[in-house]
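Labels for the chains are A, B, C, D, E and F, by order of writing; each one numbers its residues from 1.
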Amino acid sequence: MHLHVVHDRQMTYDGRQLAPHWIYRTFDLVGDAVVAFIGPCHVELSEMVDIEDVKADSPIFSPSMLHIIAEFFGIDLHLTVYRQRLLIIIARELLEEVTGQSILRRGDDLYLSRDDGMLGKLSVSIATSSPLSTLIHTGFNIETEGTPIPTVGLAELGVDPLGFAETLLQRYADELQDIWVARCKVRAVRE
Amino acid sequence: MHLHVVHDRQMTYDGRQLAPHWIYRTFDLVGDAVVAFIGPCHVELSEMVDIEDVKADSPIFSPSMLHIIAEFFGIDLHLTVYRQRLLIIIARELLEEVTGQSILRRGDDLYLSRDDGMLGKLSVSIATSSPLSTLIHTGFNIETEGTPIPTVGLAELGVDPLGFAETLLQRYADELQDIWVARCKVRAVRE
Amino acid sequence: MHLHVVHDRQMTYDGRQLAPHWIYRTFDLVGDAVVAFIGPCHVELSEMVDIEDVKADSPIFSPSMLHIIAEFFGIDLHLTVYRQRLLIIIARELLEEVTGQSILRRGDDLYLSRDDGMLGKLSVSIATSSPLSTLIHTGFNIETEGTPIPTVGLAELGVDPLGFAETLLQRYADELQDIWVARCKVRAVRE
Amino acid sequence: MHLHVVHDRQMTYDGRQLAPHWIYRTFDLVGDAVVAFIGPCHVELSEMVDIEDVKADSPIFSPSMLHIIAEFFGIDLHLTVYRQRLLIIIARELLEEVTGQSILRRGDDLYLSRDDGMLGKLSVSIATSSPLSTLIHTGFNIETEGTPIPTVGLAELGVDPLGFAETLLQRYADELQDIWVARCKVRAVRE
Amino acid sequence: MHLHVVHDRQMTYDGRQLAPHWIYRTFDLVGDAVVAFIGPCHVELSEMVDIEDVKADSPIFSPSMLHIIAEFFGIDLHLTVYRQRLLIIIARELLEEVTGQSILRRGDDLYLSRDDGMLGKLSVSIATSSPLSTLIHTGFNIETEGTPIPTVGLAELGVDPLGFAETLLQRYADELQDIWVARCKVRAVRE
Amino acid sequence: MHLHVVHDRQMTYDGRQLAPHWIYRTFDLVGDAVVAFIGPCHVELSEMVDIEDVKADSPIFSPSMLHIIAEFFGIDLHLTVYRQRLLIIIARELLEEVTGQSILRRGDDLYLSRDDGMLGKLSVSIATSSPLSTLIHTGFNIETEGTPIPTVGLAELGVDPLGFAETLLQRYADELQDIWVARCKVRAVRE
């Protein structure tokens, strides 16, 4: 599995990056891969893949996010939603380690208590399917000015986004590999 | 998915419960199910399914554990190892809530710092496959006297095992259902 | 599996209802579902999914039909063609019970003898695939005026379409559940 | 798909015929196949694969049955339970044609009204899985003396078992092929 | 599996033939099939499915090729890439028999030594996926005038293209059937 | 994929090596792997997995063979039979390069012309399935004294078995990886 963190530029996430072979076309990495980059997030309804959000008319906006895009060349979306959960969970574990703060997970969303007493949303995430692969996008707010709902960002938590991304991607790849090994090293049982 | 917590008796886990239809034969629940019960744990090498443990000659023993057995009537073990991780992760989240203590996850194992400064192992877990289903066993120490490695138990943490089990099973079932909904409510993307 | 019979309005079936998430977008039911509604049927060649019909230049028309749309969030079309057959077969069984008349099944089509001695076609049906689901449309003629081939309709058979639909959907859901239970309650065999 | 009706001898069905490669070893037919033969039926609990029957302590006995064994070299048991239903349904359709009597289907069982006013069970059926294939056994009573529950047999219905078997197997193979063609001749749809 | 060699006309391959149901729509063959025809090859970048070629800006041109199109109504592209390799390998074996010359295989490409000492490319090949099937295109140069890279053609090798196609398709179908039989005639093993 | 050639000892192949986790238990390699070793071959009927051979009562014997065992932690035997063919084909290509002799492939068997004018069998091969993996055994005769049918061996061809094995395993792993890349780097097509 290829890991790549973009250090030299910012890129906007507008939904069109959640596409088959976007990683291959952009970074020349062929096969399963996960990449991270920093940039604004602005997804119009027409690009949204979560029909629940479309029905609720909830476009996504953030002035600056750490974006994670993963592509798996297997077409079982159910499996990839599990992979998405695991990415969120590993991010939560890592952020709790780094910040010492308690982070709340609800499904595939992360939240923190804000100074104003409100719960701030830290992340957005979606998993979907393409004809030959399955894909994940997860975004972590860095700055939060102008977000349509109460949010928190990595900046106010004192977390360096790219350093966080480097560790997160490595732990994620290690965990996926560990899961595969767990699948391979057991004998089957029978009645 | 059937949920069942055994309140009225103790049952020993010796490995033979990690078998297809054990839940159906024992509790008359047919189809995907997860059950919890309390009892000693003593697995001989001949019953162990983790070949790594067999190679290391590491039998499993605990005087009293909370056991979780889950059976899924799908045969993709890779997917079920993801489900196993998620069970461990939800248990960790719930135990941190209940105890206020920080719990360390390494793969599918949970650890806590003990009073003697050592890291105590709280849980054991395995996932495997049968001809028509996949299965998970997870055990949480309740008492720890006589365990072959440093451990911690729910008793010393002040956690009521069956109450913990009731909540854990419900959250687990809810999360699996939520993952399925996440798989169903997105539109696909294309190049 | 969600069941829904539309009692309060008529809707035209023109082929665009055989689309992923049409049920979710229209009735807010997420996941496997089967819905029934009454309305005209008029499918242009451009909307037809059966290439045999396209090659034969056979558009579909009926002034009034009972339409069944089912969506399954699994992508095995072969399995869903079996599910389609079963829907037709259960409809046949139910109609024979209700009308006392003998109904002929040829593949996924139902026929009755008409008063003029001709065989009248009662139903149309198709199953297809979307990127994340598989889909079935089955239509039963209610009125038959203007149909391009000899047909029979539920009205002349004295069958109340919505009452028939309520029973059909319930029996269908029960049978699919029964099939799943049959898959889960057997032990495997070996050489 | 190979079709074979045994005309020259009787064979007892005791459950051990529901085994992978039994058809290949016995009739030298390799690959998907369905065979029919006549003989007694006597299945001990230890050979039964339906755990519900085992739990109910319901051994199977018939002095003379028409037995159908089918083996499919695909391992999706869910699909093969659909194939089993279809075999029962085609048998029902054919028997209604041949006898002019009304036959009741409940799941994978067929029943007829007997002269004594009771409902007589005509058939038994099971589908299961082997490591590399899935299997079906269906038995139709010919004689019914000594059966543990009220039954009916093909003999009292005036049905020639082997002639019935020849037609049933041919129609079954035709329907499975027709289902495959239905899967191949449609174009996919999208959102 | 349907086999068809077009003897009565030439057809250009421009990439649009690598489409689901193109064989069914063109030759009325429904289900798995492999067809061969002669004609020019000219694939614009917009029709190319190999993203590596698109990135390298390498359009494909040949004045006259023997084209093989295969469609398999299963959606596992990984399996179909194996089927593609096997088609190339059988072609190589057959061409070595017919010409007595040594042919080099590199992945899914075939090469021969040319009189000028250069290695000439004989073939192009690609496998891809459609919503309900997987597809292969393989082209063997007949004439080579104007090709953008050093090539060899069947004409200069003295090979009759359509006779070669007839034998190739037959051997290919036989090998795929032989592979299926090999899968069906073994018993499973266990630990 | 792990590659391992045993240089320091001989091991007999008696069929029990074609078992799940034999590679893991013997060489401590977990996950997909292919290993090669030298030793006698003697497979009793009770250990044979090819039922055709069992029916023909054809035990396998060779005084000295190069054995290849591969295990893939996926359960699709059909795919693994393709992988088996490819192993044979790469062996054939490599042997032709090394020896300059022409080698005949019939399915998964390799043959050479012997000095006595007979065709000598060089190899045996089988692929099968275990509960959690699929497996290949291929053996190439080194010495041929006492073999029950006309054979040829690597020794008389002047081929160093372990050197041949090192190259074969490397090419095989490269080809499987190349096939995976081919699956990942194409875009899908549609109607």
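Convention: contacts are C-beta pairs under 8 Å (C-beta built on N, C-alpha and C of every residue); 3 or more make two chains touch, one makes a residue touch a chain.
This is a predicted model, so every value here is computed, not measured.
Undergrad: Validating interface symmetry: for the copies subunit B and subunit D, is the fraction of residue numbers used by both over half? Same or different.
TA: Counting shared over all numbers used gives less than one half: different.
Undergrad: Would you identify the chain whose Cα-based centre sits farthest away from the centre of subunit D?
TA: Comparing chain centres, A lies farthest from subunit D.
Undergrad: Where the centre means the average of the CA atoms, what chain is farthest from subunit B?
TA: Using the mean of the C-alpha atoms as each chain's centre, the farthest one from subunit B is E.
Undergrad: Going by the touch criterion at the top, tell me which pair is linked by more C-beta contacts: A-B or D-E.
TA: A-B
Undergrad: Find the geometric centre of each of subunit A and subunit C from their Cα atoms only, then give the gap between the two centres in Å, rounded to an integer.
TA: Spacing between the chain centres: roughly 40 Å.
Undergrad: With chain centres taken as the means of their Cα atoms, state the distance from subunit C to subunit D in Å.
TA: 27
Undergrad: Let me have the rounded angstrom distance from the C-alpha centre of subunit B over to the C-alpha centre of subunit C, please.
TA: Roughly 43 Å separates the two chain centres.
Undergrad: In subunit D, which residues are in touch with two or more of the other chains?
TA: 20-21, 24, 30, 51-52, 75, 77, 129-132, 180, 183, 185-188, 190-191
Undergrad: Classify the chain contact graph as line, ring, star, complete or other.
TA: If you draw each chain as a dot and join those that touch, the picture is no line, ring, star or complete graph.
Undergrad: Chain pairs that touch, all of them, please.
TA: Chain-chain contacts present: A-B, A-C, A-E, A-F, B-C, B-D, B-F, C-D, C-E, D-E, D-F, E-F.
Undergrad: Using the touch rule from the top, collect the residues of subunit E that touch subunit C in their complex.
TA: Going by the criterion above, the answer is residues 21, 24-25, 28, 30, 75, 131-132, 187-188.
Undergrad: Considering only the defined contacts, which subunit E positions touch subunit A in the complex?
TA: Against subunit A, the touching part of subunit E is residues 51-52, 55, 75, 77, 129, 131, 190-191.
Undergrad: Which residues of subunit C touch subunit B in the complex?
TA: 20-21, 24, 30-31, 73, 130-133, 180-181, 183-188, 190
Undergrad: Once bound in the complex, which stretches of subunit C touch subunit D?
TA: 18-21, 49-52, 76-79, 81-86, 89, 93, 105, 107-108, 126-131, 135, 175, 178-180, 182-183, 185-191
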